[in-house]
Amino acid sequence: MGRIVLDKVTKTFGNVEVIPPLDLTIEDGEFCVFVGPSGCGKSTLLRLIAGLEDVTSGRVLIDDTDATEIPPAKRGLAMVFQSYALYPHMTVRKNIAFPLRMAGLDQAEIDRRVEEAAKVLNLTDYLDRRPGQLSGGQRQRVAIGRAIVREPKAFLFDEPLSNLDAALRVGMRLEISELHNRLGTTMIYVTHDQVEAMTMADKIVVLRAGNIEQVGSPLELYERPRNLFVAGFIGSPTMNFITGPEAEKRGAATLGIRPEHIRVGEGLPWSGIVGVAEHLGSDTFLHVHDTGLAETITVRVPGDVEFKHGDRVVFGPDEAKIHLFDANGLRKP
Amino acid sequence: MARAVKTRRKALNTALAWAVGVLIFFPILWVVVLSFKTEGDAIKTPLEVLTAPWTVESYGVVQERSDYVKHFFNSVVISVGSTLLGLLVAVPAAWSMAFVPSKRTKDILMWMLSTKMLPAVGVLYPIYLLFIQLGLLDTRLGLVVVLMLINLPIIVWMLYTYFREIPGEILEAARMDGAGLREEILYVLTPMAVPGMASTVLLNVILAWNEAFWTLNLTAAKAGPLTAFIASYSSPEGLFYAKLSAASTMAIAPILILGWFSQKQLVRGLTFGAVK
Amino acid sequence: MATRHSRSAARLMMAPAVILLLGWMLVPLTMTLWFSFRKYLPLRGGDLGWVGFENYVRFVKSASFWPSVQATMTLVVGVLVITVVVGILLALLLDQPMWGQGVVRILVIAPFFVMPTVSALVWKNLMLDPINGFFGHLARSLGLQPVDWLSQASMPSIIMIVSWEWLPFATLILLTAFQSLDSEQLEAAEMDGAGPVARFFYIMVPHLARAITVVILIQTIFLLSIFAEIFVTTGGAFGTKTLTYLIYQRVLESQNVGLGSAGGVYAIILANIVAIFLMRIVGKNLDA
C-alpha cells in the first residue's frame, strides 16, 4: 500500500509562505512527478511528505493514517537524494544494508535482501567497494538499492538524475521506470526537467510558487494545459504565444500553438524570415523573425526540408491544435 | 599553472630556508645535545660540548630526583582527560549548531569564543577559592575540569567547522533509513567526522599539555604536570644544565611529535576557521 | 532545514556546553567583581568590608601600574611587530619551491609546541646565561664581553623569547594564506606588467590583510596573558612586570585580593576590547 494524501498542507519559513494551503492525493502504485521551475516548492513538498520538514498546518496522511507527527524514520518511506547521500565510510553492501540494520532485521535476512537488490541493480560485483570508487550511475543505483531493500510504502526521489551526464540520465530514467513497473510501488519524483516528467509520470503535478498549477497525466497536460504557465512549461521546444489581432480574431487574449503543430507551405496565412535553423537530423527547428505575430516563432519542419538563415518562410497553424487563453492566462474552453 | 623554476634559484631558496629553519630550531636542538652530556661537559664551550662523550646518565638522574614518570602521567591524564571530556560535551553541541542552525547559532558560537578571551589572571583568585572549597586544589580532576572549560570553545568551534563540511543530506538519508538520533550520530556522523575529530583531539591535547597558567597556579607536588615539573628547575642548585636539558627533552618530545602531525589543523583550529 | 523534533533535540544537546561555559564565565566573574569592591586580605583579617571604587583607584595610582601597562604594551607590540614582519618574510621564503620543504616546515614550526616553561628555562639558562649560555660562549669566542641579557636587556630578551614561541604560529597562518592565493591572479598581474615588488604590494599584501589581522588579534589575546615566561625568567623584575604579572603578584604574592581583583577587571576590559575586533572578523567569515 502507499496512498499519500496531503490535506490543506501549508509551509512557511519565517514570514515567507512557501506552500499555500495545498490538497493532493497520490494513489497507491502511482508514479507521480512534481515538476516546476527552481524555487517552486517542489522539493519542500517532498520533504514535507518525507517528514524532514514539519508542515506548518494541515495533515499528511499515509495509507489513511495521520503521519503528520511521525518522524521520518517511522513513516515507512524511502528517499533517493540528489547527491545520492551515500555513506562514504561504508561499503556498498553496508550502505544498502543500513536501513535493514536500523530496522533490526537478522543478518541472514539482511544478506538475502542485499544480494537480491544488488542483482536487480547490477551491483553484485561492486558490493565490497566504497561509494568513492563508483561512477555516478553506480552511485545512483546504490542509492536506489538502499531505498528498495526496505520495501517501503513509497519511494521519494529528489531530482535524482540531475548530477548525471545527459547520456546516463536517459538510461537511468528507463531503469527507474522499469523498476516502477516491476515493483508497482508508489513513487514520488521531483524534477525541474519536464522531459523527465513527461516520460516517466502517471501523474504530473505542475507547481509554481508553492501552488499547484495543474494535475494530470502527461498527455492531458500536453493537450489541455489549464493556463499559460503550464502551456509554456510542458513541451519542448516551448509553445509559441501570439497576442494581438490573430488572437483577438479567435476571441482570446493569447493564442498558443506548439512548433510541431505549425505547417509550412504556400498559401498559408503567416510568413517571416528564418533567423536560426537548428538541424537535429530528424527535425529542424526554425526560429522565424519578422512575422508580425511575436518576436520569434518556432516552427518544426521535417529534417529533410532545407532552410537556411535569411530564407523567407510561409506557414500557418493547425487550427485544431490551437490553444486559446483569456486575459487572465486561463484556458478558454 | 606551475612554471619550471631554474634549478639555481631553487638551490638558493633551499639553502636560505634550511639556514633559517636550523637557526629557529637551534635552541631545541641544543637542549637535546646537552641532555646527552655530563653536567661538567654541558657548561663547556659549544665546540667542547660537541666533542665530549655522549651519555644518558642525566635522564636517570632526572627521573630519580623529580619523578618524571609521575609528572608525565599527570600531563597525560590532564591533557587527554580534559580533551575527551570536552569532546563529550562538544560533539552534541557542534552537531546541533552545524545541522540544526538557528538564528542564534552564530551568537552562541561567538559568545563561546568570547569566554576564551577572559584573561585567566582576572579570575584566578575566585577559581583558587572555589578549588579550595571543593577540595580540587592540586588534584588532577580539578585541572581536567578547568582545562576542559578553557578549551571547550576551541573544541566546539573546530568540530563545528568540520561538521559543516558534511552534507546534511547524508544525515537526512540516515533518518529516512530509520536511524534515530543516537544511531545517526553514532553510525553516520561520527565515522565520517573521524579525521576532523582526530585533529581536534590532537590540537587540544597539545594546548592542554602546554598550558602553563592554571597548571602552575592550581597544583603543587601531587597533581603537577610537566609544566610544573620543569618550573621546579627554575631555581638552580649546582650544575644542572644536563639535567635541565634531559628534563626539557622529555617534557617536549611527546608533544613535539604530535604537533608535527597536526600542523595543518593547527591553523584552522587556532583561527577558529577564519584562515583555512 | 529541520523539524520541531530535531530542533528540540538540538537545544537539549547544546545545553551542557552552554551551561558549563556560562557557569565558567559568570561564577568567577561575579566573584572577581564582588572582591574588587571589597577590602579583602585573606592572610591579614580576611574580608574587611565594602570599599567602593577604592581598589580601582588604588590599583591605577600605585607606582607599579603605569610601568606595568607600559611593559605590557612594549611586550605585545614588540612581539607582534617581530612575528608579523619576520613571519611574512619566512612564509614568503617557505612558499618558494625548494628541496626538503616539509622538513624545513617542521623545523620552523617546532618552537610553538614547546611548553612555555621549557622555552623560558632553556632560553634563560642554555642560551642567554652570560657564563655558561651559548650566547656567552659565542661572545667570548669572538672576544666580546658577554651580556647578562635577562638583567641588562630584560624586556628585549623576553620579547625575543616570546617571539621565538609565536613566530611559528604567524608563519604557519601567513603561509596558509599565501598558498590560498590564486596563482592565476599573480600571473594575470605579471601579464599586466607588474614586477615582483608591485605584485607583492598590490596582490599579496591585500590578500594577506585578513590573515595578518587574525594573527595580530589572536596573538594579542594570548600575549596579554603571558605568564610563565616572566614567572620563570625574571619573576617580574627589571621592568618586565606586565599587567598580568602585577595582578598575579597582588593576588597571590601580597594576598591583596580586593586590589588584585580590581586589576583583573581592568584586564578583562582590555581583553574585551581586543576580543570585539577579533569577533567581528571571525563573524564575517561565518557568513561567507
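For reference, chains read A, B and C in written order, and residue numbers begin at 1 within each chain.
One rule holds in what follows: a contact is a pair of C-beta atoms (placed from the backbone, for glycine too) under 8 Å apart; a residue touches a chain by one contact, two chains touch by 3 or more.
From a predicted model like this one, the values you see are computed outputs, not experimental measurements.
Trainee: Go through the assembly and pull out the chains touching subunit A as well as subunit C.
Mentor: Touches both subunit A and subunit C: B.
Trainee: Report which interface contains more C-beta contacts, comparing B-C against A-B.
Mentor: Here the pair linked by more C-beta pairs in contact is B-C.
Trainee: When you take the mean of every protein CA atom shown, which chain's own CA mean is nearest to it?
Mentor: So the chain nearest the centre of the shown protein is B.
Trainee: Return the distance between the CA-based centres of subunit A and subunit C, expressed in whole Å.
Mentor: One centre to the other, that is 58 Å.
Trainee: Calculate how many whole Å lie between the centre of subunit B and the centre of subunit C, each centre taken as the average of the chain's C-alpha atoms.
Mentor: The separation of the two C-alpha centroids amounts to 16 Å.
Trainee: When the C-alpha atoms of subunit A and subunit B are each averaged to a single point, how far apart are the two points in Å?
Mentor: Between these chains, centre-to-centre, one finds 54 Å.
Trainee: Spell out, as numbers or ranges, the residues of subunit A touching 2 or more other chains.
Mentor: In subunit A, the residues touching two or more other chains are 52, 71-72.
Trainee: Which residues of subunit C are in contact with two or more other chains?
Mentor: 1-2
Trainee: Okay, in this complex, where on subunit C does subunit A touch?
Mentor: Going through subunit C, the ones touching subunit A are 1-5.
Trainee: Show which residues of subunit B lie in contact with subunit C when the two form their complex.
Mentor: Where subunit B meets subunit C, its residues are 1-2, 5, 9-10, 13-14, 16-18, 20-22, 24-25, 27-28, 30-31, 34, 42-43, 45-46, 89-90, 92-93, 95-97, 99-102, 106, 108-130, 149, 152-153, 156, 168, 181, 206, 209-210, 212-213, 216-217, 226-228, 230-231, 233-234, 236, 240-241, 244-245, 248, 251-252, 255-256, 258-260, 263, 266-267, 270-276.
Trainee: Applying the document's contact rule, which stretches of subunit C touch subunit B when the two form their complex?
Mentor: Going through subunit C, the ones touching subunit B are 1-2, 6-7, 9-11, 13-14, 16-18, 20-21, 24-25, 27-29, 31-32, 35, 90, 93-94, 96-101, 103-119, 121-127, 131-132, 134, 137-138, 140-141, 164, 167-169, 172-173, 176-177, 180, 183-184, 187, 210-211, 214, 218, 221, 224-225, 227-228, 231-232, 244, 247-248, 251-252, 257, 260-261, 263-265, 267-268, 270-272, 274-275, 278-279, 281-283, 285-286.
Trainee: Okay, in this complex, where on subunit A does subunit B touch?
Mentor: 50, 52, 71-74, 77-79, 81-83, 85-90, 98-99, 102-103, 146, 150, 156
Trainee: Enumerate the contact residues on subunit B facing subunit A in the complex.
Mentor: It is residues 167, 169-170, 172-180, 183, 187-188, 191-192, 194 of subunit B that touch subunit A.
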